[in-house]
Each structure stands twice: as C-alpha cells, then as structure tokens.
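Submitted below is the structure of interest, expressed as structure tokens.
Labels for the chains are A, B, C and D, by order of writing; each one numbers its residues from 1.
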C-alpha cells in the first residue's frame, strides 16, 4: 500500500486528464428539474484520514444528491432502530434494475437491499414511524453529520419527481399491498421524494460521509453516529449494492464501497484512508456518472488505494 | 487497524468457542459421495503476509473443494485469455440461486458472473478450447500455485456428480443453445465435474490462494500468476459473488473477499494481510459452511481485520 | 348435440345436488365490504336462444359483479374505438395471477389481455378519454344492454376497494410509468373501482350478456352492440382468459367462454345456444366461485352442451 | 350457423386468394433438415362430419408434423394412464414461448401444459414407462388412428434435431432435476425427437384427427380411442394452448381448437362439424404457418363456422 502519495497532485492530474476527454453519456432527463443542470459541471472533494482536504473544479456548486441520500436515511434508521430493520429489508444485491418490481413479487414485498428504490422506501417508512417531524429531523441529522448549515430540500425538484414518479408510486403501493409499509403511501413518498431532492456540494458530501471513513464514527459535533459493526455493515452494503446493476462493475473497476445518485454524484470511501466525492451530471447507461466512474477508476488504479 | 494481534491465540480461541457450540446445518447430500464425509470435521489454516502459518483441527484432512475451484479456473483462464473472457460472462452479482436458469434466459445465455454454475461452465469451455490436455494442465496449474504435489481429482466424486448433475447438464446445454459454449457439452461437463471433485486440505488451499493475498502475485515457483489489476478484479468478484445468494450476507458479516464450496470449505483473503481456509462440512440454508461462516465472522469482528 | 333437453329439469336437478354438497372455499375477504355477504347464497339464471328463461335459488338477490364488469367495459370500448384498443392491450392468456406485475415489466407496460387487472385498467383509461361522463355513460350502457333500470354502483364497495386497493394503485401507476395510461391514475382507478362495485342479480347479468349469445348481437332496445367479428373475439378472449390462472382448467372442465368475479358470480355463454349466470360467494383457491364451477361442470357434462 | 355451405367451392376460393397473395414469413431453419423444404408448398385437406372430403394443392406431399405429434402422444398417454397424467403436467396456458425454462423453475418442474416442449417431454416419459417398444407402438397407434400404413419416422430429421436440440436437452434434464422424469433423459429425448420427425401429408393428418371431430371417438378400425370427457379436454387444451404464445391470437382470429407445428402444418377441429389440415412451411414470428393462419381465419370468417 502506497503511503507517501501526493494526493493533491494525483487528484489534479487525473481531473485534467478526464476533463480533456470527451464527456459522454446523458444527463438524467426523466426528472424535468434535473435536466436543467449544466452537463459540464465537474467537481471533486477529497478528505484523507489525516484531514488533508482538497477541492477541485465545481466542488462548491450544490447539486441534487438523489440516491446518495439513501445511505444517510439508512444510517439514521440503523442507529435509531438497530438490527430490526433487516426483518423488512434484505442485504443481498438485487441483480435487477433499481426500480424493478419483479423481484419484489417473488420476495413477497421484502426489498433485496436498502439501496434499491423499494428498500429505500421501506427505510423512509421506518423513519416516519419513529420521528415526530421526519423531514426536519432528517435534515438536522445531515447538518450534524456534515457540520454544514447550508443544506436544504429542493421543493422544485421534489415536486418534479412527484409529477413523474409513477414507478415509485407503484413500488410503494406494491410493498404496502404486502403489508411492508406501515404509513400512508403518500406520506412515505413525500418523504422519499424530498430526501432525494436534497442539495449539497462535493465538500458537504465528503464531510457528511466522514463517519464511515474514520474509526471514531463521529459526526461534526463529535457524537458517535454508529457502532463499529454497523459501519462495517453499511460499507459492505455499499460495496455490493451501491451502484444499481453496475455494483459488480464498480467493485471490479474501482474497488471501493460507494454510492451514486442520478444527479451525477458519487461518494466513495476507503475505510481509515479517505473519503472522496466526485460530481459530473452525465450518466452512463447504467445510471452512474460517466466521468465519476472514470475518475475513480483512474484514482484507485494510480494510487493502488482500493480495498482489494 | 490492529497490527499487533496474536493470530495464533485468537484463532485457537475462536476455534474452541465455535467447536463447543452446536454444529447446525446439513451436509450436502445431493451428491451421494459427499454425504459420506464426517460432519464434525473442522479445520483451519491461516497464513499472514509475514508468513506466519497456523493449522488447527482437521487442517490436514483432504476434502472436496467443489466451487472453490471456480476461482482457480477463472484465474487460469484470465491469465491465458485476458479481458476477452468478459464478453461471454458478466461480473454482476446474480441475486438468484447458484443454479438458476431464469436469469440466463433473460440475459440470452451470458451468465451473470464466473462463480454461478453457468458462468463457471463457460470458463471451463474457455479452458478446453485453449488447453491441449485440459484436466492435466489444470491440475498442474494448481500444483504450481500451491507447491503441493499431493493434489488430485476424485474419480468417485466426479462420477457421483455426473450421476445426479441434471441441473448442470441442463445449464450447459441451455447456454450452448444460445451459442455461448464452443465445445461439446459432454466434454465441458466432464471437465466441470472433475474440477469440482478436486481434493485438497486447508493447508493446500491457503497456499494455493496466496497469490491473491500477496502483492507479488506469484505462485510457489515465484512466477507471476496474474497482473495487479487482474487480482483486484478477482478479489472484487469474490467479494460480490463468492457466496451464492448469501454474498451480501457474507460481505455484511465477514467483510472479506472469499469463496465457498458445498464440500464445506471457505477460503477468505484480506489483501496484503492474510489468507485463511476454514472447513466444516455442515451447510446453512444458503449452502455455505455453517461453522465456517461463524468462525470467520468472529475472527474479523475480534481482530477488526475486515476490509470495511 | 342434444337438442331436446329439458333445461328446467336439468338445471334444478344439478342445483339441488350441488346445494346438498358441502359449500367449500372462502368468501373474498380482502375487500371488507364483500366479506359481509351471506356465503350460502346460491342463484342461477338461464336463458336459451329460444328465450326459455329459468331462475333458481337466489337469482333475484343483487351482488357485486366485480371482474365480470370487465367484459362490459371491453365491449363498450371495442364498439367505440375498434381494433385500435389492441395496440395497448394484448389478447394472450397471461399464465400468471390476475394482479401480477412481473409480466407487465417484461412486456413494457402492455397488459397481456383485457381481463387481468392491468388490462382492465387500460380499458378504463380508454373509456375515460372517450366519454364525457364516464361513470354515468357506462351505467347507461349496461342498462341498455340488459333492459333493467335497477342497476347501480355501490358507493360503499367502491370505497372499500379504494381503501385496500394498493396492488391496483401499483398496477395503474406502473402502467402509467410506461406511458400506457393517458389520464390521471386516480381518475382511472376511481372509474375502475366503481365499475367493479356494480350490483346486479343473476337475471340482470344473463340479460346483459345476451348480446354475446344471439347472432343478432343487439341490446334490449334492438340496437346492434358489436359486429359479428367483435363478438367472436370477445368470446375467444373469455375462453382463454376469463378465469385468471384457472382459465385452462375452466376450459377443460366446463368448455364454455365465460367470466368470473370475486363476488362469486360466473357468466358463461354457448354461442347461439344459451347464456347462464351462476352466483355463489365462496371461492376456490384460484378465486373462482366454488359452487359456480361445480354447477357449470355438471351442467355441460350432463347436457353435453359445451363448445368442445 | 350456416349448414348449407358449399365447402368445396369455399375452400378453393380461399385457397386461390391466399395463394395469390405474397407468401411472407420464414421457413424454420434452426433444424437443418427442415430448411430443405420448398417454401411454396401449400396443401389443404378437409373432412366434414358427413364425410365430405376435399384435398387441394399439395395435400399429398409428406411433411414433418413436428409439434402436431404432441396431440397424438397426449391422446395415447391419456388413454393408457388416465387423469394421473395431470399430476405431472398442467392444463393452463403458459404465457411464455414454447421452450422457455423460466416458468418451469417457478413451477418446480411441472410444465404448464402438454403442448409446450417441457410438457410434451413429460408425456414422452410416461409413454416410455408404459410401453415395451415405445417408438414402434406409437407409430402403430397413429396408423390405427388414420388407417394409413405409409407413415414413418424420418431418421434424418430426428438426427438433425438431436444435433441442434440443446434447448430441449436442457429442458429434459432440468425437469429430471426436479424429479419429474422417470427414465434416462437420452432415451426420453430420443423418443421426443423421433416423434417430432414423423412424416405425414394433409390427408393422413385429417384422417388421424377424425377421432376428435366425431362423437363416436373411434379410430379407423372402429375402436374407441378416448372417452367423451377426454376428447372434450383435449379439445379444450388445444383451444387454449395449441399455438404457443399465439394461442390467444388464434382463438381470437380463427376460433377453433387446433395445433400447429414448425414444419408449417396446422390441424383444426370443429367438434361434430369438420376437421381440416393446412400446410405451408413459411412461419410467422410466433412460429405458426403464415398461410395456414391466413387460410383458417378466412375460412371460419366466411363460413361463420367457428366455435364462438
């Protein structure tokens, strides 16, 4: 393992190489509001265990974190409720697209893992049952994790998702038909769409995910967020399920636990080494950031800092 | 990461704890010959990056390595043929049982990964096309990896598998019907059943898999077996696909790349730290060694030596 | 073919035989309102091509026609829109349960046939797009078919279905996500749940379905309802798809085109011979009336009046 | 129902119309031997209940009956074994392609109906268990049905099917893996491929299927072949499952029980009215004879002689 890497130089070099190459893929356009983003945005924020921090490119621009939020809702629910959550959601990779209903039918309404849409919806249902003001408390939780105050839901994106979210409405009602949703589907979906609409920049995200990197597992105020075992589990699920049906490919090429969102963000973690966020809105066919994947593959290959 | 662990003491302590608990699960009885094994066998062999080596219990008893052999055939094919193998077999977890045909139909005969039976059969087909004497050369390859001469096919187990291997015969012919098998199905299956019948003990296996642990990636003669990138990939696939539809669970509980077989063996690797083989024939519902899983979960929890 | 059957005697004899036997199965209890029906209701209404009409048992009691209504909405849409409806709904048996979402995913939102729930929902969407006052006009259509004025929606049943209809809400939104629903899902579902709630008795139903029996294909006012070819097609779809995943069994045992509903009603037609409605609320495992199936099997066996 | 039709004139008129139109579709070319047939062959043989018989075009040319043979093996097994056959094969339409393995996995090795390949293979297994010389006795059975002596297996076609029959080999071994095949898969497949290779002409086939048309249900020697109830059942299964995943379409357009084969033959029956065989080798996308479907649709439309 390479320990005397000049991170700053390496990050900048790869950034410029990837930026000089053609920016392929398509921006997520099924959510009207997302389609408005500038496709050439490209930002990175890196933080090592020794608290070396580097931002490159558009790292200060806020974007829609989308599915990356699923790791945060899972962490909050895991802390509040503990291992009982695994009675209603699995930990196996799904082998199917993120919004597939096929497996759910075979599995009688128990989603395969908390990162496919169905599983994330069940986690939202848990939070709604346990929190008094779910949306306020969830946002507060993220602010505590990151130490950043300037984080908010995007009302226009949440509304935009509602307006075209027929597949998610179908998923939530389908799971409810199996008895695996406790609350009113409309309330659960409202939380879900809002959660996905959260706006953060690369720096916010890297700071937020620091609790998964550092073995103190604390938030910005120094409070313990999860137990050692819980962190290990969340990292393991990110490793096997974090990239939809490209999780194997990501594991194979990048070799880090991570989570992507259709807003073009990817957060990846090397436990006890570093946490990094890459953002570039154009997506490959599987729905993961084209440049994000390229950047991370080059980074772990060059630094030899993958977990494998 | 804990670096001053007394491995020997920890291994022995966990071994005795697990041994003192009830030995649950069922021995694999669908292959008549396998059903003859003594269900209370329990062996471990550990090797650290610093070449500390420890064997405990029945580590010298040979057993049928079964699906663990799939990592070895994949390594050999990957070395011989390179990335072209990924045109005919995927790298994604399957989300289905190891011998499911459903996904194959949807995927037009391209198995999801090289560790489900269909994928392993395609890898066998590659080897048959590339080797003059496939069975001899494959055995020679394993002997070179391990430095052990006393490794052989079990004719009686191979025959026993043929006699009940209707599902695998179905798989091979099904893939052939999509054009993804080049050779005669009977020849491919003969290689496959023999490969699964290989007899090794815990020590042999740990020594064989050393090339995945150590960044020199060499076999017992000091020859390079795979490139750095290839090793990273094989470890990644073991992480996401090594335990059938319990891969997420293993990743979640143990947090290491590894591979299990229905003979009750499990090999697990912490890159640049250690390689370990556990063997105990009784299997849990998902087909993985009951005691093997318990042992490894306790070991990585206690030592905090998981990749997450 | 037996032409000098004494229908009245035969009907009564079978009625008494079936009534004397144990009334097995379960009343549909997933819709709270339906569960209130007396399970021992048992009514029959028969009408021959020569207008011999016989009612037996509880033939005057109104019940919820449920899925039987799907034939009527299909007939109305087929008349209004013609063969264009087959661009958005298929004519093949589904081989799956009536409310399965699996096939829909593979078929990209085109339901297999108009009698599974998804297909019926698409037909409702057609009617909403083509009618000014869909609910009023549909009820009027049925009154015209039957010549009965005393037919109505059941507000309490429609409401009861809405309250537990998560699977249907999922289906409708899922199809909408593929672009195969034009209107607002809530509006479509409101029409669908109301349509299923219609209350009719055995006599009303037999009179309503007369247009499928008689080659003049006219309603009670003597107006042509469908073309010869359209009638042939609707009868064919009832034959292959009228009984959920027991369609083959019904075809096999009874040998008539027909349609059942979870309210316990079954309408069956022998083109140019007779039309018959049987009602008994207890359902077999497949969701078809237990006594209804028994009665019709005995009737076509005894009279040798099946189409095969 | 039209009873004073001039069958001869109608048949000839439609024959000439269809022949004058473009002959679309593709000959079955996955079986090398079948691909040698002249694609413009077009023959018809009709037989009414009053024994009016008419042959048109290439009605005397022998062709490979392929799946049409499945009705004959089913009839023979049904007669020999009775309703016990339904414990190992279903009667529901499959909603999937004829050689799909997906459903079999969900249904634990019980094929949906006797006309999909898996179901026909189970029926072959029944016959092998019950007959001393299966191939000889089955051929004898057909000769008795038809009264024609000049009927034989085609060794070259059977061999040709074996050489490319990987999907069927897969199916048979897959069902065996569930325990639903008693005999050696190779023996079962040999019978199956031979059965499909039988060569008959339109006249032979029409005469063979006469037992399903006429309520005496006798073969050419006047011996009873099946009971009334058994005939009703076979006709019902042909109606719902006779045309692969185009069964609904056939039922919808033609409205008769029938069975097609990839050799381009179709036999259709109007119980107590007539039996007709049409042969033309070019197949539509679903694997049914293009001209055969066109001819029968025109014939039942024109004569109004469909069962609906």
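Keep in mind that, in the parts below, a residue touches a chain if its C-beta (ideal position, glycine included) is under 8 Å from a C-beta of that chain, and two chains touch if they have at least 3 such contacts.
Predicted, not measured: the structure shown is a model, and the values here were computed from it.
Trainee: Enumerate, in label order, the chains that touch subunit B and subunit D alike.
Mentor: Joint contacts: the list comes back empty.
Trainee: Do subunit C and subunit D face each other with the same patch, meaning over half of the contact numbers show up on both, or with different patches?
Mentor: Same; most numbers are used by both subunit C and subunit D.
Trainee: Rounded to the nearest whole Å, what is the centre-to-centre distance of subunit C and subunit D, using the mean of the C-alpha atoms as each centre?
Mentor: Going by mean C-alpha positions, subunit C sits 32 Å from subunit D.
Trainee: Just curious, how far off is subunit C from subunit B if you go by their C-alpha centres, in Å?
Mentor: So the centroids are 56 Å from each other.
Trainee: Any idea how many Å lie between the Cα centroids of subunit A and subunit C?
Mentor: The mean C-alpha positions of subunit A and subunit C differ by 48 Å.
Trainee: Do you know which subunit C residues sit against two or more other chains?
Mentor: Not one residue in subunit C touches at least two other chains.
Trainee: All pairs of touching chains, please: list them by chain label.
Mentor: Result for touching pairs of chains: A-B, A-C, B-D, C-D.
Trainee: Touching subunit B in the complex: which residues of subunit A?
Mentor: The contact residues of subunit A facing subunit B are 1, 90-96, 103, 112-113, 228-229, 231-233, 235-237, 239-241, 245-249, 251-252, 255, 257, 271-272, 301, 304, 306-308.
Trainee: For the complex, give me every residue of subunit B touching subunit D.
Mentor: 100-102, 105-106, 166-167, 169-174, 176-177, 185
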